[in-house]
Amino acid sequence: MTLRHASYFLLMAVLLVLVGVLQSWSVAMGLLNMCLISAILALGVNIQWGYAGLFSVGTMGFVALGGLAVVLTSMPPVHEAWSAGGLGVLGGLAIGVLAIIAAVQVHRRMAKGWARLAVQAVVVIGGFFLYRAVLDPAVDAIEGTNTAVAGYLGGAGMPVILSWVVGGLLAAGAAWVIGKVSLGLRSDYLAIATLGISETIVAIMKNEDWLSRGVRNVNGLPRPVPYEVNLQNNPDFVAWAQSFGFDAVEGSSIFVKACYAVIFVVVLALIMWLSERAWNSPWGRMMRAIRDNETAAKAMGKDVKKRHLQVFILGSAVCGIAGAMLVTLDGLLTPATYQPLRFTFLIWVMVIVGGSGNNWGAVLGGFLIWFLWIEVEPIGIWAITNLTAAMPEDSGLRAHLLDSAAHVRLLTMGIILLLVLRFAPRGLIPER
Amino acid sequence: MIRVENLHKHFGGFHAVDGASLHIAEGSITGLIGPNGAGKTTLFNVIAGVLKPTSGRVTMAGEDITGLEPHELFHKGLLRTFQIAHEFHSMTVRENLMMVPARQAGEGLMSAWFQRRKVALEDEEIRRRADEVLEFLTIDHIADQKAGQISGGQKKLLELGRTMMTDAKIVFLDEVGAGVNRTLLNTIADAIVRLNKERGYTFVVIEHDMDFIDRICNPVICMAEGKVLAEGTLAEIKANEQVIEAYLGTGLKNKVKAEVGHV
Amino acid sequence: MDFLNALVLLGNFVLIPAISYGSQLALGALGITLIYGILRFSHFAHGDVMAFGTMAVILVTWWLQGMGVSIDPLPTALLALPVGIAVAAGLLLGTDRTIYRFYRKVKAPPIVVVMASLGVMFVVNGLVRFIIGPDDQNFADGARFLFTVRDFKEATGLDEGLGLRWSQLITIVVTLAVMSGLFWFLNRTRTGKSMRAFSDNEDLALLSGINPERVVAVTWLIVAVLVTVAGTLYGLDKSFKPFTYFQLLLPMFAAAILGGMGNPLGAVAGAYIIALSEVGVTYAFRKFFQYLLPESMEPSGLMQLLSTDYKFAVSFVLLVFVLLFRPTGLFKGQSI
Amino acid sequence: MKKLLLTTALVGFAAGAAQADDVPLGIILGFTGPLESITPAMAQAAEMAIAEVNESGNFSLGTVTSVRGDDGCIDSGMAVATAERLVTSDRVLGIVGADCSGVTGAILQNVARPNGVVMVSPSATSPALSTAEDDGLFFRTAPSDARQGQVVSDILVDRGVESIAISYTNNDYGAGLADSIQAAFTAAGGTVTMVASHEDGKADYSAEVGALAAAGGDVLVVAGYVDQGGRGIIRSALDLGAFDTFELVDGMIGDSLLEAMGDEIQGSYGQLPGADNPGTETFQGLAEAAGFDGTSAFAPESYDAAALIMLAMAAAGSTASADYKDHVMDVANAPGEPIYPGELGRALEIIAAGGDVDYVGASAVELIGPGESAGNYRELEIRGDAFETVRFR
């Protein structure tokens, strides 16, 4: 990292401090936390794109799976629902998995031809109906239990931090399956396939209510840090906060965010350390070779398919971890939140702007783009207000422009992306 | 060493390799010649696992290697270079060589993360070997340049160098001399001969430059229209009626094609 | 009689909706496939450009309606189409000039151009909302139905009915016209032939004296026609809303890939397959079988294979399966 | 790049400065995202209430200003960041919002509670919010969906409907509403043939309608949004001749529906929150004068949300949330002088004189239990080119 690149980070820090001074420290800390998560997300995408040149736009799906992991890990189990249909659901899912395994085995064991196709069709279709027959009544039973607050199986009741690991594992597992199926595809096809698969993952989370309440959302997820209200009622804390010149409310808000920030920094540092080590080792050299020229890498004895799968799983796992952290920070799981514009394309902008193939670049991109994503709106409103100040109060155009101010955000992101692609195609901090 | 039996490779209706059979003797430097479109590169690609044959068999030291993936063949000691240089452009010349050795501990993530010392020691050894190869090929002065920025001839040398980073048994060189100047071509020829003698590499060389073939290859196999036409010393090949006709024939056909134009 | 009823039922609920939806998708997918064939990148801004062209049509339609112009029973929007096409063409040629041409010149890898189109997507997305707003816009006028379900029932005496809307008829007719025009153009005209040559083999085409910039410009013009027509038809048939047009991107791409990227015929086939499978797999066939089967065998359930929640997932599962077994799509991709 | 960043940053932050005697209120709604088409009217309604209070000159605590913020409706990360900025930087003293139930929960837990700021949502109707921990800070002028389900069932039963199919928008609002309608109607002896969701903003709804039609039913209950998939479902159902009578939930009531298909849905019916309330009409008149559509979904509730906050402030004589949060219920409910839209000035006078007000407002506000609207509904029927009120429930 050169002095120039270090200065970018310094600038980023200055921007956040400026927010603290001019807006408020709570806003600045809140921004910092989201910047940290965005940086981890960008690292995940960078592992797939920057390291291996995999054009996967399924990030959203892995982020969502991370979020699901938080519910599955940390919420208390709903015993009523388990006794109503827990076994049925497990049985149904087992049948589904067995049917797929059987179909794959048929594919492997039998000779190519119509007979194989027929047997496979019977296994798949029969398995599907059996799966539906076992699963459907169980699901109905579960979803019938106290819909307003439960209606799902609940989680394992474990500490919420653990869910970040689970989120990574869940995303990694899904990536293994998806990678097996789609990594052989050409780049553009891979993009659309992963985009579609990630939409499907979110659709499952929205519609399988027994799993995580679907669109009814899961509220009140446990936190790894204290609650502000409790801190405000704690005289020791209030006194401590006042010694720094903060009142109880502001102090508690900043303290809680600082706790999150510390944990997030630890996670980011850990992932960064592992990424850097890997990228600067023979492993990284091999990955660069594969990205530069797949054919030659194969001829030089590298198992490209296996390595692509590996790197796809790794990147997805990182996205899953970030997804779990995000939901933990929010305190609730809302599957409708997962939109490709926000959770896939925006992350890509972060990586491209920051500099793909460079871990520091991805982190910078994550910080900068999230910062702009949030701060462009007030800046846009301010700019339009001033620009239209000369117009009469009742001007239709003025009202229209003010109403449209919120849409400046997407416009800005597009322009930034285009400018960077054109004038700094390797990003702000390019690969060495 | 390598035996090819009745190999076919069809692209739709086009028979690029049409029942080729040949044998490559261990320790030889075999030249593979033939007019453009004779199916030489396709044959290479089938043997090297890039393309799957339509039918036929390839064996290496008696073992069936038909349809194996390129990276599997690499581990069996079968290497190849490319007609158009396939360098790893964003890496330095030295790194291009250092990525080659198989089963590097540092290619496993666990070792890369947690066994730094072991990996560093191993990498030091690989680097030493890479520097030896660079010196051998007389391109040690460009070791730290990005491979994408070196000359075409140097890229060819680099590809040859990559094959030296491992214990190859047989190396396929596809138009190693194309676009390379005289001096560099001599360096390449010297290197091939030395490797053949000192390390016992078997070579198969596709080349259009007959002087080059004449200088290092024996025997020479001539292909035309997907089949093996003749085998022998270059002098024998040159005297072969069929070969002359093949070169002339396709030459004429090509000429006709060029004049009629492509629709 | 029962057989006829079953047929009409299927026609009303599955075939007609799928065909008109499929036609709209087909026009969009054709654009995607053309861009891929000639310019060799996946145009991610497609849905938003479609919204942009349609927006122009809507604004002109409103103006025309304000002037009292009408071609009842046909919608006024048809008159505004040329203007919309011109605006869309201006946008596409403008972006090509300012953005894509640069990457062509430096021979950037296709993936970079895809990224750039992602940027264009963001910008156009914002522009459309800025100009016309994010709301639903109503611009359809003229008669709505050619005949309604009720008319049909009265006329035929069947229990089931079949409705046909003007917008559906226009969609199908216009789609057929535009598609045959396009295929005629590609196969019969000099420019069309040079486009096909360019798509087959760029180097060879360049050697034979084809001006690449001209081919590119013509491609964008055709794409402008396709997207604006598709967007307008869609808006007339359903409604115009910027967000919806962005959402159309996925099924359009699925159709193009399913048929084989770069193959126009494939794109059309893919679009109809996607539309049919989306509607067909999630349709509840109970009534259909009630008509066909004897009473003792009548199904008790809904006979629905998959809940409509997973409607769009159908097209993706289909897509992935096809790609696994035929990586180039149903029709061989990458040739015009 | 650096220069650019620095200037934009400086420019942006300067926007946050506010004057000392200002009473800023936050209006946090989904200006972008799936509800982006109904939010402008909601925001304008809230701002209309603010303007009314300021113009009356009877609000002694300062000049009320509004600060808009975008919650994206479904992006909780963005929503929390926006709310955080409004609360801690713009120092808003109360929040009108948020709109969607998901982000409302997120803002409540992550911003409003930690900072102790009152939040009055005009449109978050999820039953789950009734039981959310709120420290007495959270109110809503929209009733919980549980109540509406009962009303829908009553209307259907009174009209002699025996079987229904339900199509709901696939979010917490739609799903919760569908649940409660199904439960209430089944309990009343009716048959629900199918409950199926629809995604908003999708290309085509013929598949959904096809499935619903196959399931059958006398009436199709549409629990969605008028400018979204809900309209698409109705359009498609009419075109395919699948249903010709619809029961429309509150999110589906809007003039744009009549404009788009007025002739074809004559005789369909639905309900909106509201008591036998002259205020609604007054509000629509005011809205028209102010240049926006007062019948737009949740616009009356937004006006009421803003009005309630300001009246509670006046009653408490303080703009601090901790002080005025306990007065929200008082001003909203009897006893006291009923207050309708356009009478905020009078209400302030009464409060200043020590009197009691019972704010009725545009949506007949009556807060119960955990601070949510009691849920009086107006039964509407489409006759001619308008929604006509049939009765109150």
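Order of writing sets the chain letters: A, B, C and D. Residues in each chain are counted from 1.
The rule is simple: a contact is a pair of C-beta atoms (placed from the backbone, for glycine too) under 8 Å apart; a residue touches a chain by one contact, two chains touch by 3 or more.
For clarity, every value in this text was computed on a predicted model and none was experimentally measured.
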Most widely separated chain from subunit D, with each centre as the mean of CA atoms: B
Applying the contact rule given earlier, which two chains have the most C-beta pairs between them? A-D
Most centrally placed chain - per-chain CA mean versus overall CA mean: A
I'd like to verify one number: the distance from the centre of subunit B to the centre of subunit C, where each centre is the average of its C-alpha atoms, in whole angstrom. 48
Averaging C-alpha coordinates per chain, one finds the centres of subunit A and subunit B separated by a number of Å equal to 45
Using CA atom averages as chain centres, what separation in Å is found between subunit A and subunit D? 30
The distance between the C-alpha centres of subunit C and subunit D, rounded to whole Å, is 36
By the touch definition above, subunit D meets two or more other chains at residues 32, 170, 197
Do you know which subunit A residues sit against two or more other chains? 206-207, 403, 407, 409
Got the subunit C residues that touch at least 2 other chains? 129, 133-134, 307, 309, 312
How about subunit C: which of its residues touch subunit D in the complex? 12-14, 17-18, 21, 25, 129, 133-136, 138, 148-150, 161, 163, 165, 234, 238-239, 241, 243-244, 247-248, 251, 275, 278-279, 282-288, 302-304, 307-309, 311-312
In their complex, what parts of subunit A are in touch with subunit D? 7, 11, 15, 18-19, 22-27, 30-31, 34, 147-149, 206-207, 209, 214-217, 219-220, 227-229, 232, 249-250, 252-253, 256, 326, 329-332, 334, 336-337, 339, 342, 373-375, 377-379, 381-383, 399, 403, 406-407, 409, 428
Once bound in the complex, which stretches of subunit D touch subunit A? 1-2, 5-6, 8-16, 31-32, 40, 68-70, 72, 74-78, 80-82, 84-85, 87-89, 100-103, 105-106, 109-110, 113-116, 126-128, 131-133, 135, 146, 170-172, 174-176, 179, 197, 291
Looking at the complex, which residues from subunit C come into contact with subunit A? 36, 41-42, 99, 102, 108, 110-112, 114-116, 118-127, 129-130, 133-134, 246, 250, 253-254, 257, 261, 307, 309-310, 312-313, 315-317, 319-320, 323-324, 327
Note which residues of subunit A are touching subunit C in the complex, please. 53, 55, 181-182, 184-189, 191-193, 195-197, 199-200, 203, 206-207, 341, 345, 348-349, 352, 400, 403-404, 407-415, 417-418, 421-422, 425
